[in-house]
Every structure is written in C-alpha cells, then in structure tokens.
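So that you can tell them apart, the chains are marked A, B, C and D in the order they are listed, and the count of residues begins at 1 in each.
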Amino acid sequence: MPDSLTDLVEDLALANRILAHEGVLDAFGHVSVRHPRDPRRYLLSRSRAPLLVEPGDILQYTLDSAPVRPTSAALYSERVIHGCIYAARADVMAVCHHHSPAVLPFCVAGKAVVPVFHLGAAIGENVPFWDQRDEFGDTNLLVASAEEGRSLARALGPASVVLMKRHGATVVGGGLRELVSRAIFLCQNAEYQLRAIMLVAAEPLHRGEIERAGTLSLQPNVVTRTWEYWTTRLQASGAAPTRRVRAKRPTLPARATGKRRRLR
Amino acid sequence: MPDSLTDLVEDLALANRILAHEGVLDAFGHVSVRHPRDPRRYLLSRSRAPLLVEPGDILQYTLDSAPVRPTSAALYSERVIHGCIYAARADVMAVCHHHSPAVLPFCVAGKAVVPVFHLGAAIGENVPFWDQRDEFGDTNLLVASAEEGRSLARALGPASVVLMKRHGATVVGGGLRELVSRAIFLCQNAEYQLRAIMLVAAEPLHRGEIERAGTLSLQPNVVTRTWEYWTTRLQASGAAPTRRVRAKRPTLPARATGKRRRLR
Amino acid sequence: MPDSLTDLVEDLALANRILAHEGVLDAFGHVSVRHPRDPRRYLLSRSRAPLLVEPGDILQYTLDSAPVRPTSAALYSERVIHGCIYAARADVMAVCHHHSPAVLPFCVAGKAVVPVFHLGAAIGENVPFWDQRDEFGDTNLLVASAEEGRSLARALGPASVVLMKRHGATVVGGGLRELVSRAIFLCQNAEYQLRAIMLVAAEPLHRGEIERAGTLSLQPNVVTRTWEYWTTRLQASGAAPTRRVRAKRPTLPARATGKRRRLR
Amino acid sequence: MPDSLTDLVEDLALANRILAHEGVLDAFGHVSVRHPRDPRRYLLSRSRAPLLVEPGDILQYTLDSAPVRPTSAALYSERVIHGCIYAARADVMAVCHHHSPAVLPFCVAGKAVVPVFHLGAAIGENVPFWDQRDEFGDTNLLVASAEEGRSLARALGPASVVLMKRHGATVVGGGLRELVSRAIFLCQNAEYQLRAIMLVAAEPLHRGEIERAGTLSLQPNVVTRTWEYWTTRLQASGAAPTRRVRAKRPTLPARATGKRRRLR
C-alpha cells in the first residue's frame, strides 16, 4: 500500500494508464480512489483520456463531487458516479467506470454476466443491471446528476460490479490494486462467457466456488504479481506516467529506458 | 478549429492517419474536408494509403471532383463520393469513405446498423443502405461516375452515415473532428451490435436517447478529449505526419520524440 | 515490375515479410515466384519462417522442385506445391501456400469461401476445395510428394485459390504483387464472410461483379498503393529485410531509420 | 538440446517469455522442465508473471514440489501440478499450465477440444477433461494440494493435454521446445475449432491422420524453425530475458539491439 498521498496520486495515475493499456478504458472512463486520511474526499483526474493522465491531473473532490479547490480545468461530467458510491458504501476505497469492448455486448443485449472461471469469481455472485430508463426515461445516458448517481449506487447495492444498460459498467474495490484486478478479470470473464455461449452455454460457478475463488484477487501475493506484470507491460509500451525519483519501490523494475516519457 | 488553410491541411493529414491507426481505414478509404473559405471546393489527398498521407499530398478539388490545379498525381477514383455529397448537403463540412472490418459484415449481410450504446447515438436514428445494383446493375462496385456519386448522396439523404452493400460506408460531419469521432463510434457500435446479436439481440436506443446522446460527439469538450487521445496514440506509434513548427497548438503534446518521423 | 533477378529476389524476401506481418503467414507457409527469364525454374526460400527470410535465403528450383545448385540447407517439405502448379499453369508467375487464421475455419468446416465484397472479388467466382483424403487416405496432411502436388494442381484447375481441407490454402497470381494483394484480400473476405454469416447470411457477388471488381487488384495503381502501404507498415515495425543500396526505388519511402535491422 | 543446466535454465526463461508473448500465458500460468541429470527434480520459476521471468528466478524442486534449497521467495501455489505429473509420467520432460483465452471458452462450456487441422494433431486424439468438483466439491479452483495434483495427473493419463473445467489447461511434452510448440498449436486449434463451429461444425481428424501429423511438432526441423521464429518475435518486442554471453548459439540471431533490456 502507498505510504503517502503523493504515492497514492502516483498509483492512481498509473492505474489510469494500466486500465487503458489493458483495454478496459479508452478515450472515456475514469478511475478514482478515496482519500486515505479523509473518507469524505476522493481523488480523480481532471477530464482527460485515462492513458494520458499524469499525477498533476489528479484533483480532490468532496463526496458531492465538487472540487475541493477552485479549478478552471474541465471535469468529468459523470464524476457523481464516484461521489455517490463513496457516500453509500463505506467499504469502497476505489471506483472505476468504463465502456470496455468485452462488457458492452452484455450491456447492449441486457444479458447477465456471471462468473465462469476462477479469476472471474472476483466479480462476485450477483452482478446487478441498472437501466437508466426505469427512473429517468430517455436521457443522454450519462450519469451526470446526483439523482442519477444515487440511483446507480442503489442498484449496485452490496455488489462489486453493476452493469449499466446501453452504456457500460462500474466496478468497485477495497483498494486501488484490487479494483484494477477486478476490472480486468471482469473483462476476461465476459469475453470467455460470450465465447462459451457461442460453443454451447456458460454455467456460473457454484456459490461456494465464487466465495473461495473470489478472494484470490484480494490476496497480497496475487495483487503484487498482477500489478508488477501490468506495470511492466505499460512501461514497455512507453506509456508510463511521470514519477518522482524515490529511494525504494520494490515491485517496480528499473525505469531507465529512453522510452519512458514518450506518451506524455 | 484550425485558424488557417495550412492548419486545416495539417489537420486533414492527421485525420487520415488517426482513422488508419484506429482501424477505420487501411490501404483504402479516404477523408476530405470542405474548403473553409470557398464552399465550392474541398480538400482531399492524392491517391495514397491514408496512414501515409502528408500535408503535401492534399489537393483542392471543385465539387465536380476535378483538381483545381492541373496535377500528374494519381487521384482516388471514388472522389465523386465527396464532391457529390458536398454539392447535395450544404451542412456537411467533412466526408469519410471506408471499408472498416467492423462495418463490412453488416454491408455483406445487408443487416441494418442501429445505435446500441450512448456513443453510437452519434450515427443517428436512421442509417440508410445504398445498393449500387438497384440503379446500375453489376458494376465493379466502385463509386466512380458522377451518376453513382449522386445516387449515393440521394441515398444518404439527411442522414450522417450510409452503408454501401458489399462495399463499405460513407460518413459525414459538420467538421473534421466531429467526423473522426462519428467514424470511430460507428465502428465501435457495429462491433458491439454484432456481439450483442450473438448473445441475444440488439435493440436500438430510443429516439429521445439518440437525440440527446447523439449530440455528445459534437460537444467541444468531448471532441477535444478524443482528438488529444487519438493524436497521442498516433504519435506514440511513430506515425504522425510532418508538421511545421508553430507557436501555439494547445491540445497537442510536445513532439520532441525521436520516433516522430519514422513512418514517413 | 523488378528489372533484374536481384530486384526480384529482394521483392520476394519483402513479400515473405509483408505476408507474415499482415497475418497471412506465421511460422509456416511459403511464397515463390517464377524465374523471370527461365519459366522452368522458380525462386523460393530455404526452410525458414517467412518473417525472417532474407534475400540470401532464396534458392532456385527446377519444376520438379529440386534445387538447381546443390545445397545443405533445409528445404520446405511442401515445395512440390509450387513446382507442380508452375508446371500445370503457364499463366501463374507466383504462388503462396498458407494456414491463415482467417481461412482455417473454412478449411476445418468444409465451408466454401465466396467473394462477398468488392476486393474479395480478387479470389474469383469459384474457390475449389481439395481433400487429400480422397486420393491418399489418412496422411500427415502435408503435400510432400509429386503425386500429391499434381493432385492439388488439378483441384486448383483454372482458379486463383484452392482451399485444402483441414490444412490451409494455396493462392496463385500473375505476378508477385498481385499475389500478395489476392492473399490478403482472401483473408479479409473470409473474415467478413464468417461475421456476416453470424449476423444473417453471406450471399456471393454476382458473376458480373466478380469479373469487374476482380480486375481491381490487378490494376497497377491499386497494386502500387497497397504495396507501398504494406511495405511501410513492415518497415515501421522494424522487420524489413536487408536490401542493397540502389539508385532509384520510387515507390519505397526513405529507409534511414535506426530500426531497420532489428529483426535480422 | 541445451548442453548444460545453465543453458536449460536460460531456455526455460526464454520459454516463459515466448509463451507469454504468443498469448498462451498472461499474469498467470507457469512452465517447468525436468532436471536433465536428476529425474527426481524439476526446474520452475519463483512466483512471477511469465513475461518477466529471468534465469535468476528459476528454482529447483523435488517431485513433492518442495524447493531443494530453502528460499524466502514466493512460490507458485499450483506447483504441485508439475511435481505430480513428473512423478506419474516418466516420459514427460516439460509441463505448462495456462489459462489461454483460446482454450478458456472450451473449459467454461465443457466442450471437448479435438484436433481439427494438421498442426493441431500435436494435441493427440484424446484431450480429457478434469472437473475438480468431482472429487473435491466446491473449491477455489486452484490445484494446490498433493491430492488435487495427483487427481489431475490421473485425469491426464497418457494424454498430452488435459482441460480443467472452469480453470484452464495443462500441457506436457517430451522436451521444452516440443512443449512450447504443442501449447501454441493447442491454442490455434481451439480458435479454429470455435470458428468452424460458428460456420458449420468441426469434425476431428482421423486417427491415422492424428498419428502421422501429430509427430510433425516433434521433428527437429519443425521445432528449430518455430523456436527461431518465436524467439525472434520476442526479441523484436524488446522482451527477451537476460542471457550470458556464450560462444555459440546457432539458432539465435545476433542480439545487439538496444531494446533487448527494455522489459527487465
């Protein structure tokens, strides 16, 4: 776990780029983390494609999704998703909203995603659907008002993932690295589920399997391994964010490559 | 918006390469923009794969698709698509014709593309089909004559996209950046629609949703964000076009990388 | 067209790598060209993955697929495919055998590939199937004997492509660049046909369309454009073959990048 | 074949990265080789994403999957897969466990993989399924106990591949390079089988074909060619492992590129 706010801001920039590099986020989508010392605040980038987010882009917000300090920066119009979920779920420390290609077919078809392999158990037994039409009729499908954000948070309930009809998904986690793993495993699970349906059918894991396998993504040894892998893949692509020089960062390889600054 | 013809020519070269890099164009397809001061002219590259187009490849054409200045360069045989649509639609400022892998299955199957997610609403409620056979019988399927170009423009009517049976698609926009967004969102929509059909079925958005969500791609904040993202991805791949040094270009990151000239 | 045997050898090495880079060939498959001055000989690499083929790997063979000069190099065991087709078809100047992922599902399912879009017309109206079992029973599925090669050439008949059940495809052309275009367009056509079948169904082009659109890939302007595009993509990946410095090579961009030698 | 333990360790690190680069392994999965002089030991990396494995990460294990030398390194929790298979199968010299995207849909659907093209014959006529539920009820789906490992080895029996319901696959080989080929050909076979089923259906090869074509992947000339190809692709990506300078390594190209160390 990061030991300071600065480290957490750097990890959040890194998480933005990992999720973009692994195909969860594209020009859209966003990821936030709750403030480590003030649970009534959260950290989120200004409006920017996640692959480009730098530590300097990260702003602090109150739980009503207003920036703590006045800013002239453009902000994500859907940031209420984050504020409303942090307000409703004290256990949630990180939130990601995305439109990943793996999940969108399920959002369009209104087809439930169920955990179909061991890592997919990280999404939990029940992935609820939220249909904005039910309460709000025909909208532009963005979650831009506090009412919409609260409605989405109610639909999420105690779950780890909520699918949003014709729009995307929102994923939550007990920490940033857990969230990143869950978001990536959700996409893999959706892809395998779709292909299994094309072959025959896809039955969900048993409840006992979901409970046992679902804790895997929370284990420190698994999170350390996936975080190192995804970070190294991102660095090799030349798209890692800027980072201050620090004395010790054990899970990250040396960063002396000439390509590190290429995407900034 | 670009503030001079030179800027617009550079943006057009960039749009060619962004659309190629994002998988809309390949060795074929082309993108044009109407002349900013003379609505009876448009700008289009000489015949060249879009990923390779440089500002110096851009030529001016009259609306009957003849080059304004005599040239020995090979020209796109289907440039009448552009001229005929600019002649028929005063509101259209940019046109793209392509054979993207995401859209071709619909063109082959004769299956309608409908908007199935919020960004897909940018294609509009009605995406007409044009079948060259109806008026011209068995052809080589290119739109090479003025009669064919006018027939296609009639089929497009007031829509933003027209699918061409067994051939591809033509997309129009109120500006170059809007066009690029719509062309990319069309491909995403087609991909998700196909996969939703494989799962269950794909119902279109409501008319009210299409109207509200469809304006999203036209909003300056969205276009700024997507343009920065797609441009940076292109630059990171080493495939950005040549550009003159200019004093101010706020949405583009620094371009001092050694890879910038690699694809030229 | 190359003006000397040296140029043709360099083009053949380039064609090997273009077809590998565009996903037609992988560790397997091979491409040959008939000797420009002696129609009883053809040029083909020693046994090597096509992405790695250098001009120095190219050997000359007689039409019974024996090397003209004694060699200790390992040779492709299926080179009889090339010799038998050159012997049977005086009009064929280039041959490619491959197992591309786009075509294999059709080879496995025994499903006919038909031209479904304008560029796909380059494969011709009739793509015959060859089933090695019919004459040879259970084999290792390689075409390694002269009898097998002649049987395959008979199945090809006057066509441009023959599918080989449970194995792959063999494509022929009136020249090397035409062959490369046809091989790539075949893969695109197969991919779009499969996806159209998943949507609804895929009807072939009319005979008249196939005749008219099928000549497109043979037109010099189209071949020039695709060859430049595929060559530049290959060069940008760092995988272009070694080439002697020559005075003039108009369709190829400057090759001064530091990455050019990386894959050798 | 490597002529020393050091060479074998370097080959094992290379095999880890080849299998990751070709899409068989991701953050998870592992590959081992039996000790060349002591058949009661095997070599396997400490717990690390395979794309990042270095020769220095390789440890020696006894067949009860305990490290030969005490270590503080984190170990793969599923290493019993390797130990139990080496104990049960004296002919097996290398083992790979993976969750490849090509195979997972079959594992989820409970659909048998059958060899459908000549290279796919390397998987053998019979690919058994193992369902952990049958003996162990609801688990976390990992193969972490000796009982689970022995149960899996029994299900594998004399076969070359065993599919694990809702989890992945385990592949074995008579040597490391044979194993790498079989693991990659399994993924290609599964992908083509799924797509053939979408088109029509996928019938397996005949038994005689499987026997004859199945030996192809074991032939030295084929293994040399594929190993050179996959190694060069890995090197070109900048992800090859560290290697000591050695006098002679005939199948590997020169490694003087500046990108070689990038992923470490």
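Points to keep in mind about this one:
By definition in this document, contacts are C-beta pairs under 8 Å (C-beta built on N, C-alpha and C of every residue); 3 or more make two chains touch, one makes a residue touch a chain.
From a predicted model like this one, the values you see are computed outputs, not experimental measurements.
Between chain A and chain C, the least number of touch steps comes to 2. In this assembly, the C-alpha centroid of chain A lies 32 Å from the C-alpha centroid of chain B.
In terms of their C-alpha centroids, the spacing between chain B and chain D amounts to 45 Å.
Residue positions of chain D with contacts to 2 or more other chains are 197-198.
The touch graph of the protein chains shown is a ring with every node of degree two. Within the complex formed with chain D, the residues of chain C that make contact are 26-28, 47-49, 51-52, 74, 99, 101, 104-111, 133, 137-142, 166-168, 194, 197-198, 237-239, 262-264.
Chain contact summary for the complex, chain C toward chain B: residues 116-119, 121, 188, 191-193, 195-202, 205-209, 212-213, 215-216, 221, 224-226, 228-230, 232-233, 236, 253-254, 257, 259.
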